[in-house]
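Listed next: structures, encoded as structure tokens.
There are two complexes below, and they share subunit A, which is joined by subunit B in the first and by subunit C in the second.
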Partner chain A sequence: MSCVLGISAGYHDAAAALIIDGQLIAAMQEERFTRIKNDSSIPSRAVFACLAQAGLSAAAIDRVVFYENPFAKLERVLLSLVRSFPQSWKQFPTAISSQIGSKIWILDQISSTLNIPRNRIFTTTHHRSHAASTFFPSPFDEAAILTVDGIGEEVSTGMWLGKNGSINCIKSIQYPHSLGLLYAALTAYLGFEVNEGEYKVMGLAAYGTPHFKEEFASLISLSPDGSFELSLPYFAFHTKTDIGFSAKMEKLLGPRRDPGKHWDFENSPHDRKYADIAATLQWYTEEVLLGLARNIRQLTGSVNLCLAGGVALNCVANARLLKESGFSRIFVQPAAGDAGGALGAAILASIDLDGKYPSPLNTCALGENISNDAALKLVQNLGINHTKPDDIFSSTADLIADNKVVAFASGRFEWGPRALGQRSILAAPQDKATRERLNKVIKKREPFRPFAPAVLSHRAGEWFEGQDCDMSPFMTSVANVRPENAKDLGACTHIDGTARVQTVTELSSPGLFNVLHALDKKTGIPMVVNTSLNGNGEPIVGSALDAISFFVSHSVDAMVVGDILLKRNTL
Partner chain B sequence: MSLHTLITKIASHFVWRTPERSAKKFFEFALAEQGSMLDLIAAARLTESEKRRALYVKHMLDEKRHALMFSLRSAELCSQAGRKSYGNLHADIENLFQTLGEARFLAFVHIGERRACQQFVVYRNLFKKQGNKTNKSLFEAILKDEQRHADYTWGLLVEITGGEQAARRELRSVQMWEAWRKWRRVGRSLANKLFVILSLFIYFLLAPYAVLTRLFKRQRKGWSVPALEQEIDRSGSEQQAKRVQTLENLSNSLVILNNS
Partner chain C sequence: MKTQDNKNITSIPWIATLYSLIKHFTHRQRLFLIPLLLILLLSGIILIFTSGLSYVAPFVYSAF
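Take a look at the complex of A and B:
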């Protein structure tokens, strides 16, 4: 038996993935345990939870692989700081303290945390981890691979070929020319938090029109060979690390938006302008990705594309790639960001160790299970009214059909940033008012944030066009809503007529599949609004304890925790 | 009047002098409440007693609410003062439950809640005197919870340790630990300052390298293949070839065995 553990940590989204005899057993993010969103600390809790899933102790691990090379990263940081001398003087002490004080010792820290010998801990490279995380769990034997994120060791964008059971780097673009960093800088400019607000920018983009193409042409230039170049005077990656843009960008686009300010598209011309900037950013992101995809398509001749890296979570761009890049199939695994690096690192080591390859990913329920026993004891001790229905899924469907908002925690939690029916808030998709209620009252978030529909896979075509792709089970793409049936989707059609649809099968999400099946029998519409089970700024719920705490502090109508149903007294 | 209350009373006039300072103070309180919330989540997860788990969950939800109340008030005051808000809360986690064990963790929480009660009474009275109804009611509302937290943690501490005397011993032990932690924090902060000075000294020594780097190690534009990846690809291909060779050898041997 071979047992390999992949780990990502140190920057954001720390995670662990466990592979035994080539098969993916568990993959979890540390934030689900510590309850710190995007937690970057060594994922010790996630590691032990992965091991517990397999009934093993740390001593059974043959190899631990860290998802990037900390020493190559140190070299890049040092070089960049020296290169931007003397403007980088303020960042130098902090960057050096963080690198030399902790980051280059991460392999030793992992060794002592897990109590395993240092010689069992290896590294790979950041973008190779990304490439492996998407190619090997994909349904393809051969594919072109694009990895696009902020920054790895020195690479920001990579082109790879996956073939004959291995991946090889074709070419890459290096820091500071980075699409991810451009997106991050504009995210900060629009008043959102970097590494957290990027998907808000994507939602906001649909409310604007790309009127700022001329200004953006000063920020980034695209080449016919698919490469791109940032105009560095507009950015400040090494002098203003929290925002990443310079005063020159504010001269170009106007003053940045104040973080936390209320959005008002109707009465504020400024907010409409910011939406236009977001739309232009989205347009440029799509153009860059299309350029890259067309180039790699030409180079490899492949008809399959695998995408990874934080930018691959841009589902609007992914849908456009599928339509316009010339690839017949595209795959994006659910944890495409840095957390996914843990999965890629583990797969690479597993292949290296015993030549075994993982099966294609068909579910992202790879986390910790809900403990029915723990849930029952906690609700009893908290004095919360509860029942144990004979058919919990049918009861859930009854509530949804009755227009109630139900928090749903069932089975193992999801791998990646999307709630795909294991830790979700579910509601009927028809009523637009549901969307208002979810945004304002329950999730307390920006009014422009869309909600996604989850639908039985074999019925999806009735409501969506072009939904049948390799990405829809993981909600990493969008589809157009069929106008004739748009009335059924008032709560989850975005302003641009699209929806980030999730297609559900019995294998991908058994609990949600049963709810949708029951709902189909009751209403004829096997579809729900599916949004993540978390409060504003919090990680998605992990354990029964988190779920019950959510129920107590948020105004959902009911909650399913394992086999227990909790209802508000007013119901 | 305790020394802590006296210091709080004297300092309070400076702390709440302007909306900017008040906003900062409220944000600090919000961070402290969020940090406490994270510690209580860990406690609820790790305790072996179902009864205590439920109590920690209740306490955690209070801390979460307090963090929200303080941060909203901070944002409101920032807006009044015409400055940007302090942004999202990102409290650190200290793993106190694992570090201290349950009894000392409870003693730590009890001391913190008692201290907060004393502090908030001073602030409530100050705002009452000033006629600042918003701040007064905010502290009044949270004060009730803090009092309840101080009471239940004391009850649990006595129960776990087996009596009031043993509970007091835990309190003293935690107070010593806190003093030691404060001392180490002061040391760390001084060391940080020294590190900044030294690293800046090194930074300016690197000036000639900045020129060399710009000349000989230019930032790459467009496509390239990083040396690190090339190296891995080469060794990967060699390994793959070896693996194929081994498999071929194995199948050849099997064929020979079969034939024989």
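Take a look at the complex of A and C:
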């Protein structure tokens, strides 16, 4: 038996992935345990939860693989400091504290935290981890691979070919030229939190029109071969740590938006302008990705594309890639960001160790299970009104059909940033008012944020066009809503007529599948609004305790925790 | 495909890290960075002893 653990940590979204004899057993993000959003600390709780899933202790691990090379990162940081001197002198204390204070010792820290001998701890490289994380669990034997994020060691964009059981880099773009950093800088400019607000920018973009193409042409230049260069005087991420854009960008686009300010598209011309900037950023992101994809299509001749890296979570861009890049099929690993690096690192080491490859990924329910016993004990102690229905899924469907909002925690929690029916809030998709209620009262987030529908896979074509792809089971793409059936999707059609649809099968999400099946029998529409089970700024719920805490503090009508149904006293 | 070769790595953590660090910089012919690295190392040790290691910044790419 071979047992390999992949780890990502140190920047954001730390995670662990466990592979035994080539098969993926568990993959979890540390934030689900520590309740710190995007927790970057060494994922010790995630590691031990992965091991518990397999019934093993740390002593059974043959190899631990860290998802990037800390020494290559140090080299890039030092070179960047030298190249940007004297503007970079203020960064020296930060560089010292991050690199010498902790980063270069991370392998030692992993060794001591997990009590694993240091010589069992290996490294790979950041973009190789990303590439492995998406190619090997994909349904393809051969594919072009595109990895796009902020920055790895020195690479920001990688073009790869996956073939004959191996991955090879064909071309790369180096820091500081980075699509991820362009998106991050504009995310900060628009008043959102970096590494968290990028989804908001994508949602905001649909409310604007790309009127700022001329200005953006000063920020980034595109080449016919798909490569790109940032105009560095407009950016500050290479010389400062507190801000990603320079005063020159504010001269070009106008003053930045204040964080936390209420959005008002109807009465504020400024907010409409910021939406236009978001739309232009989205347009440029798509153009860059299309250029890269067309180039790698030409270079590899492959008809399949695998995507990874934080930028691959841009589902609007992914949909456009599928339509216009020339690839027949596209796969995006659901934890495409840095968390996914843990999976890639583990796969690489597993192949290295015993030549075994993982099966295609058909579910992202790879986390810890809900404990029915713990849930029952908690609700009894708290005196919460609860029942144990014979068919919990049918009871859930009854509530949804009755227009109730149901928090749903069932099975193993999800791998990646999307709630796909294991830790979700579910509601009927028809009524637009449901969206208002979810946004304002329950999730307490910006009014322009869309909600996603989850639908039985074999029925999805009745409501959506272009949903039948390798991305829809993991909600990493969008599809057009069929106008003739748009009335069924009032709560989850975005302003641009699209929806980030999740297609559900019994294998991908058994609990949600059963709910949708029961809902189909009752209403003829096997579809729900599916949004993540978390409060504003919190990680998605992990345990029964997290779930019940959510129920106590948020105004959902009911909650399913394992096999227990909790209802408000008013129901 | 291969992850790095660990056969010469000791099981004593900090020695293993220093060995890997020197090996990396020698292998990549980046020895001209060693003086800067030494300054950072010395400053880092001072910071560790004075408990001065804490910062929060969203754009830490150039320092990471």
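We take it that the second predicted complex is superposed on the first by the 571 of 571 C-alpha atoms of A that agree within 3 Å, B and C clash if a C-alpha of one lies under 4 Å from a C-alpha of the other, contacts with A are read in each partner's own complex, and residues count from 1 in each chain.
We take it that a residue touches a chain if its C-beta (ideal position, glycine included) is under 8 Å from a C-beta of that chain, and two chains touch if they have at least 3 such contacts.
Because the structure is predicted, anything quoted here is derived from the model rather than measured.
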Partner chain(s) touched by A:82 [first = subunit B, second = subunit C, both, neither]: both
First, second, both or neither for A:35, with subunit B first and subunit C second: first
Partner chain(s) touched by A:166 [first = subunit B, second = subunit C, both, neither]: both
Touched partner set for A:13, first subunit B, second subunit C, both or neither: neither
Which superposed partner A:65 touches (first subunit B, second subunit C, both, neither): second
Contacts of A:414 with subunit B and subunit C, given as first, second, both or neither: neither
Touching partner for A:193 - first (subunit B), second (subunit C), both, neither: both
Subunit B versus subunit C as contact partner of A:352, first or second or both or neither: both
Touching partner for A:338 - first (subunit B), second (subunit C), both, neither: neither
Set intersection of subunit A contacts, subunit C complex versus subunit B complex: 69, 72, 79, 81-82, 92-93, 96-97, 124, 166, 175-176, 193, 352
Interface residues, subunit A side, partner subunit C - complex: 10-11, 63, 65, 69, 71-75, 77-82, 84, 88, 91-105, 107-108, 111-112, 117-124, 150-151, 166-167, 175-176, 181, 184, 188, 193-195, 236-244, 345, 348-349, 351-352
Parts of subunit A lying in touch with subunit B, wherever the complex brings them together: 33-36, 69, 72, 79, 81-83, 85-86, 89, 92-93, 96-97, 124-125, 127-128, 153-155, 158, 164-166, 168-177, 193, 196, 223, 225, 227, 229, 258-260, 352, 355, 377-378, 381-382, 537, 543, 545-546, 548-549, 552-553
Subunit A-facing residues of subunit C, complex: 1-4, 6, 9-14, 16-17, 20-21, 24-25, 28, 30, 33, 36-37, 40-41, 43-45, 47-48, 52-55, 57-64
Complex contacts: residues of subunit B adjacent to subunit A: 38, 41-42, 44-45, 50-51, 53-54, 57-58, 60-61, 64-65, 75, 84-85, 87-90, 93, 192, 195-196, 199-200, 203-204, 206-207, 209-210, 213-214, 217, 219-226, 228-230, 232-233, 236-237, 239-240, 243
